[in-house]
Structure formats: structure tokens, C-alpha cells
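After this come two complexes, each holding chain A, first together with chain B and then together with chain C.
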Partner chain A sequence: MKDILDDLANFIAKTILQNPSRMIAPDEALISSGLLDSFHLVDLALYIEERFGVKIEDTELNRQTFDNLEQLSAIIQSRRQGK
Partner chain B sequence: MSITQILLLVFIAILCGVVRHPRYRNTLLTLSSLLFYYHLQPATPIRSLDFWLPTFAILLGLLVWIAIQSNPRRGLQENFSALLIVLLSVIAISANRYLVMCCLTATRPPQLGTVVLFLIVFLTLSTLILSRLALRIRLTALILILVVIFISLKTPEISILMSKFLRTLQAQDPRFSAADDLAWLGISYILFRLLHILLDIRAGRLQGANLAEIIPYLFFFPTLLAGPIARFPQFREQLNAYPQTQDFIEGMRRVFVGLFRKFVLADSFALLALSPQNASQILSPTYLWIALFAYSLRIYFDFSGYTDIAIGSARLMGIRLPENFNAPYLKTSLIHFWNSWHITLADWFRAYVFNPLTRKLRSSPTPEWLTILLPQLTTMLLIGLWHGITSNFLVWGAWHGMGLFINNRWNAWTRTRPTKIPLPIRNALAWTLTFGYVTLGWVWFLMPTFGSSLAVFQKLFGYGL
Partner chain C sequence: MKTLPHIIRQIAWEEPEKMAIVFQQRGTPDQLITYQNLYQNALRTARILRENAIRPDEVVIIVLQHSQELIYAFFGAMFAGAIPSIMPFLTEKLSPEHYRKSLRSLFEVIQPAAVITYAEFESEIQQAAKGSSVRKILISEKIAGSEPLSANLAGLERSPTSIVLLQHSSGTTGLQKGVALSHQAVMKQLDAYQKAIRLTPSDVIVSWLPLYHDMGLIAGFLMPILLKVPLILMSPFDWVRSPVLLMRAIHEYHATLTWLPNFAYNFCAQKIRPSDMEGIDLSSMRAVINCSEPMMQASHEMFLKRFQPYGLKESALATCYAMAENVFAVSQDGIEKPVTLDWIDRKGLLVEKVARPSLQSSDAICMVSAGKPIENTRVQILDEKGEKLPERVIGEIALQSDCMLTEYYKRPDLTQKAFLDGWYLTGDLGYLANGEVYITGRKKDLIIVGGKNIYPQDVERIVNEVEGVYPGRVVAFGVFNEGMGTEEVVVVAETEVQDPQHRLEIANQICYQVNRSSDIVLRKAILVDRGWLLKTSSGKIARSANREKYLHEFQDIAPFAANTEQ
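On to the complex of A and B.
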């Protein structure tokens, strides 16, 4: 779980926000805070699918499904285990 | 909704929260949702239409439930009691014609025999037709039917034609047909909930749904008037969640906040707000600006007030609805505004239009500016048209689509260019620009025609006086 969290935090800071020094806490709000916009979320989904081999649906890129890295990592982990 | 109706809503919500037995609670939830739906549907100039419109919405719900069954026989066995409750509710409301119980529907319901006959013929025919089609074809056909219904209701020219047809059917004069004859309460929300279920089942994201879950989801009484559009999986998970003391306190607080926003703030701003009626009478640009800002605040407090009441009453039953607003007028960019205004509708369009389109464009050799412009513009045009298929809503959508595109490009441009302007000043400028842009955009939204909107713009900037 920790490695997924770190990986995602790193991807968001470096590639999406283009600010490698930005720390993203596991419980930091990503969508409701406006940190990630709609394009960022699609990029994040594409990255997760390539990196972890699990599908994040278009209908899941919203705060009703996940709003922080902890929740997102839990989804990825449960899908990896379900494979 | 009047204060009395809201109090009734809160009372029934508390009652639903008190009932702990899952089956009784579900029955109470279904019955109150259906009764409320008939009760809130306003009268229309076409005879009995205030009964037929909710009935037709319920039948659409049943149709979708029939269509998604992979094994119809088993589906019917498992959902028999729920189906019985729904059909008996419709029949009981129609039978109200012969009782003294007033106020349940806006006008007297039609003949009981007609209703029963219609229900039998409709359900038999649709079951026969649907059972002959393969699952995927059934789902696609229903999606198309729902989209056609939506487009017909939202296009004034088609609405008038439908009104003419219905008036003729009821032996009423078709010459008096008008687009708002078919004022169908909450149908935009109900159709979008139905489309969500159909699209997700078709894509394999959703595995079946029971009638006892679908009906409360579609017609959940706190959300009939103004949403929010919850997602079905999250909603059904909570159907048996019971309220704790904390839910009750928070629910009541939200309801009071909603009442204050709607009946104190929104209704006060309404006294000053710009409207199609007063727009041509206001001559001073200063007063026109004041009226426009009053409209901007009114529409927010009105809509978010209703949302608070919906979220609060659902909480009284232990059900948590998704938030629909997150202080949109305090945001410092249009992107953040659209992240916080009518969130559940924007999320719906993101899920079924924006995300698939962006995904496709991202994985193809499309120029970057086009992968930004195309999804944003398409989504915003559709959100505009969701409110009504008229040139003004189209322009309003384009206004926001272009605004979002410029906002995105500006963000990309400034990301690598540090500025010396202090943050508070930057924020103040960005907020003024965002709030101003959104407020000016409301001109397209509130005026009925392109010409009348242009006249308001001219007057706002001191021309055409």
C-alpha cells in the first residue's frame, strides 16, 4: 500500500503539477480541493492503468469514488488482489 | 416548494429514519417518494397530464428495470412485491378521484379503468417487445429512447407539437398549445439517473439492480425537485443505513441552512434580480449591473438552498447524498468554479462525455490544444443544452467552454513563468475576473433570446441607451 501511495504522490507532484518538491499527504483532498482538474484525473487514470495494470473507469474519476490518495490506493490494491 | 411542503418532507424523512426494519423502511421510502412525486407535479393546461406525467416517469423506471434483467422470470419472482407496491401506488392515486382526499394531485386524476387498462397494455406490450431483443440491443434501444424523450422535452418546437397531439387526444383546442404545457417535474434528473444505470450496465460496470432499489433511487423524495444526481452504487449501499443522533443533528442543521438560503437570501435577492420582464425597463447601467449581480446571487442561494434541504432531509434517514456545491462564488478560477457548481451534473457529463473523449484524444496523435478544447467545449455545450435546447443555452455553454479553455491555457502558460505580483493581489484579481465572467454569463442563461441578451450586454456597457 505504501509503495502505491508514494508512487502516486510522486507522479502527481512531478508530472501533473510539475512541482517535484510538492508533498501530497495520503489524506489530502485531491478533487474537492481543486488540486486536480478534470484533465489531470484522466492522466492519473491512464497512468494507473499502465503502471499497476488495473482499470480505473471513467465513471470513477469523481469525489464520490475517491478524494485522496489513501482511498485511491485502496481501490488499486483491492483490484490488484482481485486479479 | 412551499414551506409547508418542505416541513412535510422533513417529517416524512424523520419517519423513514425511525423505521428500522429494512423491508418496512424500503416500502415507506418507495411509497413516500411516489406520493411526493405526484403531489409536487404542478397542474398543466392539458387535462389529467399532472397524473400522466409522473405515471409515465414511473413506467420508464419499470421499463428500464425490465430491460436490464438477464433472466426475466427470476427477476419478476425476486421483485414481485416491489412491483406490486409500485403498481398499487399508481392505482391508489388514480382511485383518489373517487375519494374526498384532496391535494394529493394538482387536479382530479383520470378514470380508474383507463389507468388500469393503460398499465396492463403498456407493461404487457413492452415486456413482449423487450423479451424478444438481446440484452445489449434492449439497453441500446432504451438509451436512444430516453435521449429522444429528453431532446423532445427540451426543444420548444417539439414540445409544442407534443402538446398539440395531447390536446387533440383530450379533446382540447390544439391552437392554445405552448412549450411549457409539458412542465414535467424533475424529469431531467430522472432521465439522467436512468441513463446512468443503463450506460453502466451496458458497459459491464454495474451488475443488475432490483426494483426496490431503482424506484427509491429515481424518485427519492428529497431530490425530486433539484437533485443532486447521486450515483446508483453509492445510493443503494445506503438504503439500509440508519441515522445516528449525529446524523439527525447535522440533517436538521442543513435543512435550516437551506431554508435560510432559499426563503431569506434567495427570495430577497429575487426582489432586485434581473429578469426577462424587467430587463427592458431598467435604463441605468448601474442599476442593471446591480440587478445582474442580484440574479447571480439569487440563482446560487435558490439552487444551493434546495440542495441543502435535500441533503439535510436525506441525512435524517441516514442517507448521505453527494454535495452539489462547494462555495463556487469564492473560487479564483473558472476551472475551480466548475468543480464546485452543480457538481453532480458536471460529474455525470465528465463520466460519460468528457473522460471518454479526453482518453481517446490523449491516446491519439491530436495537437495538445485540441485535446483540451474539444472535450471542454463539447461538455459545456451539452451542459448548456441540458437546461433547454435553445440558442441561448448553447451560447451559455460555449461561453463557459471557451472560458475553461482560456483558463487551462493560461494555467499552462503561467506555470513556468514566476510572477512578482503578491499572492493576495493575484487572488483578488482572479476572483473578480471569475465571478464577473460567471455573472455576465448568466445573461445568456436568463434571457429568452439571443437578441434580448445582446441588448442587456449593450446596456451594461453603456451602449444602446
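On to the complex of A and C.
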């Protein structure tokens, strides 16, 4: 779980925010805070698919599905186990 | 000349079963809206407006998601003789307090009589409308259950010169400028523009654009509906999460025309999975029209390279220069001819303000033509004194047409300032060459992010409130991001705080506040020492000079400034 959290935090800081020194806490709001805008949600989905082999559907790219790294990691983990 | 309600009613009478819109929504089957459906449902809104004593010529603000209800409310207001204006719906990231504030500032200027919204949003609007001109908040769900109004439609009594709709750009500043358009202006624009793009009834238009923006409202909505060209309409919210939806719609409905802001070329090229493109055929596309933000040849090339294997024709690449004040298009290129590329000398452009033709080299800049003015519109380039400039000399673009705005609604001061001797001053900089229009920049301080107009003063106002920022010592400007194909907003703020960790927190807070209080997402907030920002002789913060200083000091050293997605 920790690995996934760090990996995602790193990806968001470096590639999406283009600010590698930006720390993202596991419970920090991502979508409702505007940290991740809609233009970049699809980047995140594509990255997760490639990195973890887990598909996040486009209809799931909203804060009802996940709004922080903890929730997102949990989805990734449960879908990986489900395979 | 007929008014918009007359046209809709006539089609509904003559060809009731003709398809007007295929409405696509993620997770539901495509819904077909015939002209009869459109007309009848619009009349439900008209009834409710009349029952609530909303009079002709009064403004009705529509606060609904991209939906069929939005479409019916919009036309329904017109049938009641009222003036509809669509406001963007609250997004996931926007703070409700900020949204309420922008509604309030809109209400103050526009003085609307009613707002149409959802039941669950009623109390939100009520709070914003307290003490305003708004007499009624009308609930979309109730409208859907009402009977269509069948007689005495005030909307059919309107003169062609009366105002048919208002259009706003976003932010506190944009909301002050409601572009008021007449029936006549809309129809004259459509008449000239359909010729420019050689529109025929066999065309099929597909659009994912929002309806509160001129490109979405006119090219991707009113034009096809009024001219009986089938429209495939999807939600911008769905498209941005799954850009392949556009390609699927083109394939499935053999679409021929679509309009995209420049960033969307990059976005589609970079973010659609190869596996999602399997079996998709784009060969029906006659024109993919780049419009509403600076057009880049690199974006066209990236798009073509990515989608040519799926049948996209090179000849489909097209461009357009448009603005709400002219209803929509000013000029058009790339129809039945390739878009003209004009290689010009870099130094000439930047220093001498002349577009001198140059050989293709690293010292040259590739300008993408926006084409010749459409037949009812004339374009001139003016110097700072308002004198006409010769070809290839850069100045402010001014235009004249028979489809200009009536006024900035209830803002005679702004309306008067916008015109010089009968010419509308666009605030855009550019030149003419062989009768074609080229846009080189902007005179006014405006940032265009993904086709959306952002006024820097609105962003600066938000940043000024952030604790740790030295009050009044803030500047916001746009920097073009090649990877994204659009401008990105940068904020530079002075602070007395020295501790790097504390500065980082302030920078994060600046981004957070801007994200929650505006339509943009801010990623670059730079904190500098007191005295860093340059001021003009009159003591104002100079945006362009500070932009230059920023590019000089920060752009080169920022290792992640280049987009890593390419």
C-alpha cells in the first residue's frame, strides 16, 4: 500500500504538477481541491493502467470514486487482488 | 428577416420528425431529439416563465448542467420573449462561496428577472439572489412536468433587432461584459459563415464544447439547429475524461465538421489509448476547425500524425478567428484549400513589429493563417492612434460587420469604449497578408487557457487575499506551454517571509485558493523577495515586463518546465 501511495504521489508531483518537491499527503484532497484538474485526470488513469495494470474507467474519474491517494490506492489494490 | 423562435417553430411544423440533436451522455444510450421534441419542450419552459410573470426582454439566467433540460430552457426562454443567458454550472473544485459571489456580481450588472436551476440547487441560488433583481427561481424538474404553452407566445412577437441572448466569459471581469446579440446578428453571422465553410444539409456536426462559450453555443449548437444540419452533442465533462468519445462519435455518425480549441489537438493526440482507436474511421471528416486560442502548426502536425492512420485527411485541418462580439467567426481558412502558413522573420515580429517573409529556418516563425474575413465582415489593422496600417505591419485588429453585438448589456461605458469610428477594437494584435488575417498576440491583458478567457486581474485579486503575500504585490500572466498547446497561468507574488518551507506553504495556498475560486488550475506560483516586481511609471504592476523578467530568471532554470508527456 505504501509503495502505491509513494508511487502515485511521486507521479502527480513530478509529471502533473511539475513540481517534484511538492509533498502530497495520503489524505490530501485531490479533485475537490482542484489540485488535479479534469485535463489531468486522464493522465492519472493512463498511468495507473500502465504502472499497475488496473483500469480506472473514465466514468470513475470524479470525487465520488476517489478524492485522495488513500482511496485511490485502495481501489488499485483491491482490483489487483481481484485479478 | 425571421427571428430564432420563428425558425424553430417552422421546422417543427414542416418536419416534426426531423432529427435536430443526438444527445450523448456517458452511461446512457444516445437520445434523439427531433424538432418537434425541441419545440414542445421549449414551450414548457415558456409556460412556466409566463405563469411567473417573466416579461419579454427580461433576462433569464440558466444554471443547469450540460443536459437536455439546458437546451429546452434556453429555447424556452426565447419562446417566452425573454433573453436567456447560460452560466457555467458549479464544478467539483469550485468553492460554493466563490460561485455565489460570481453569481451575485452577474446579477448586479445584468439585473435578471429569473433563474432556472435544479431543485437541489435552489437554496444556493436563493442565497446569491438575496436583495437582487431576481424575482423567481424556477425549478427545472417542475418545468419538465408542465404542459407546453400553445398560444400567445411573446417570443413570436419580437423584432429581429431585439436581443435574443447574452453571452459571458468567466471571472469577475468577464461577467461584467454580457455580450448582447440580436436575432438579426445571429442569422447574418450564420448566413455568412455557412458560405465560408460550404455547409450543406449532408454535413453532420459533432461538438463537445460547452454552451456558455461562443464556439460551443454558435458553431456547435445554434448553427446546426437553425440550419437543419444534424448535431451530435456530447458533454465537455465526459469528453475531457475520455477524449476518444469525439472520435467514436465521428465514426458512428459519419460526422463531417467539428470545432476545437488548439489545446484539444494536443490533448487528443496524447491522451487517447491506441487500443481505444481500433476500428475507428475518421475519413468522413471534412474540416476540423481550430479556433478560440492561438493556433499552432505543431498541434496540427501532432494531431494529423496521430489520426492519419485512422483516415483523417490532411485537408481536414482548418482554422478560424472568432469572437462573441461578432456572434462568432471573423475569418476562416482551410476550406477547399490548405491553411496558409506564413514564415516570417523573428526579429521583425518581435522588434520592428513587421511580418517580413522569411525562409524556413530557426530564425523564422511559422504563422498559421486564420484565413480571409467571412463575406459580411471587414478587417483592418490599426496603429495606436487608430490609423490604418499597411499589409504585413502589426497592429490592433479592428472589424466591422452587419452582425456585431448590440451592446455590452447594461454597460454603455464599455460598449462605447469598444468602438472607434464604427470599428470594433478587438484587443488582438495581428497583421493582414494577401487578405488573410494572422493573429500575433494581444494588446489587452488576457490569458487564454484551453480556449477560456481568463482576466489576470481576477487571479491577482484572489492571490492578494492569501496570507503571507505582500498586499498589492502580485502579478498573473500567461506563458505558452508547447506540450499542452495552450497558455498556462503563472503567478509571481512578493513576500517578506524568508523561510523556504513557509514559502512553499504560501505557494501551495496560492494554488489552492486560485483553484477553488476560479475556472483555472494554477500550478506555477512563484514567491519572490520584496522589490522584485517591476512597476510602471504610474506605479502599477507591469504585467508584460514582469512576464519577461520571469521568463528570463525562472524559465531556463526550471527543470520540469518542459512537458514530460510528449
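The rule we apply is simple: the second predicted complex is superposed on the first by the 83 of 83 C-alpha atoms of A that agree within 3 Å, B and C clash if a C-alpha of one lies under 4 Å from a C-alpha of the other, contacts with A are read in each partner's own complex, and residues count from 1 in each chain.
To be clear about the criterion, a contact is a pair of C-beta atoms (placed from the backbone, for glycine too) under 8 Å apart; a residue touches a chain by one contact, two chains touch by 3 or more.
These figures come from a predicted structure and were not determined experimentally.
Colleague: Would you check which partner chain A:Ser21 touches, where first means chain B only, second means chain C only, and both and neither mean what they say?
Modeller: Only chain C is touched by A:Ser21; chain B is not.
Colleague: For A:Asn62 in the superposed arrangement: first (chain B), second (chain C), both or neither?
Modeller: both
Colleague: Is A:Ile75 touching the first partner chain B, the second partner chain C, both, or neither of them?
Modeller: A:Ile75: touches no partner chain.
Colleague: After superposition on the shared chain, which partner residues are touched by A:Ile31: those of chain B (first), chain C (second), both, or neither?
Modeller: A:Ile31 sits against chain B and chain C alike.
Colleague: Which partner does A:Val54 reach: the first (chain B), the second (chain C), both, or neither?
Modeller: neither
Colleague: Which one hits more chain A residues, chain B or chain C?
Modeller: C
Colleague: Have a look at where A:Phe39 lands relative to chain B and chain C in the superposition and call it first, second, both or neither.
Modeller: both
Colleague: Of the residues on chain A, which ones does chain B touch that chain C also touches?
Modeller: Residues common to the chain A contacts of chain C and of chain B are 18, 31-32, 34, 37-39, 41-43, 46, 58-59, 61-63, listed in rising order.
Colleague: Show me the residue ranges of chain C that touch chain A in the complex, using the header's touch definition.
Modeller: 26-27, 92-94, 237-238, 240-243, 267, 271, 273, 450, 484, 504, 508, 511-512, 515-516, 521, 523-524, 558, 560-561, 563-565
Colleague: Please name which positions on chain B make contact with chain A in the complex.
Modeller: By the definition above, chain B touches chain A via 200, 203, 205, 230-231, 234, 322-323, 326, 331, 335-336, 339-340, 343, 347, 350-352, 354-356, 358-359, 362-363, 372, 375, 408, 415-416.
Colleague: Contact residues on chain A for chain B in the complex?
Modeller: Against chain B, chain A makes touches at 18, 31-32, 34, 37-39, 41-43, 45-46, 57-59, 61-65.
Colleague: With touch defined as at the start, can you tell me which chain A residues reach chain C in the complex?
Modeller: 14-15, 17-22, 31-35, 37-39, 41-43, 46, 49, 58-59, 61-63
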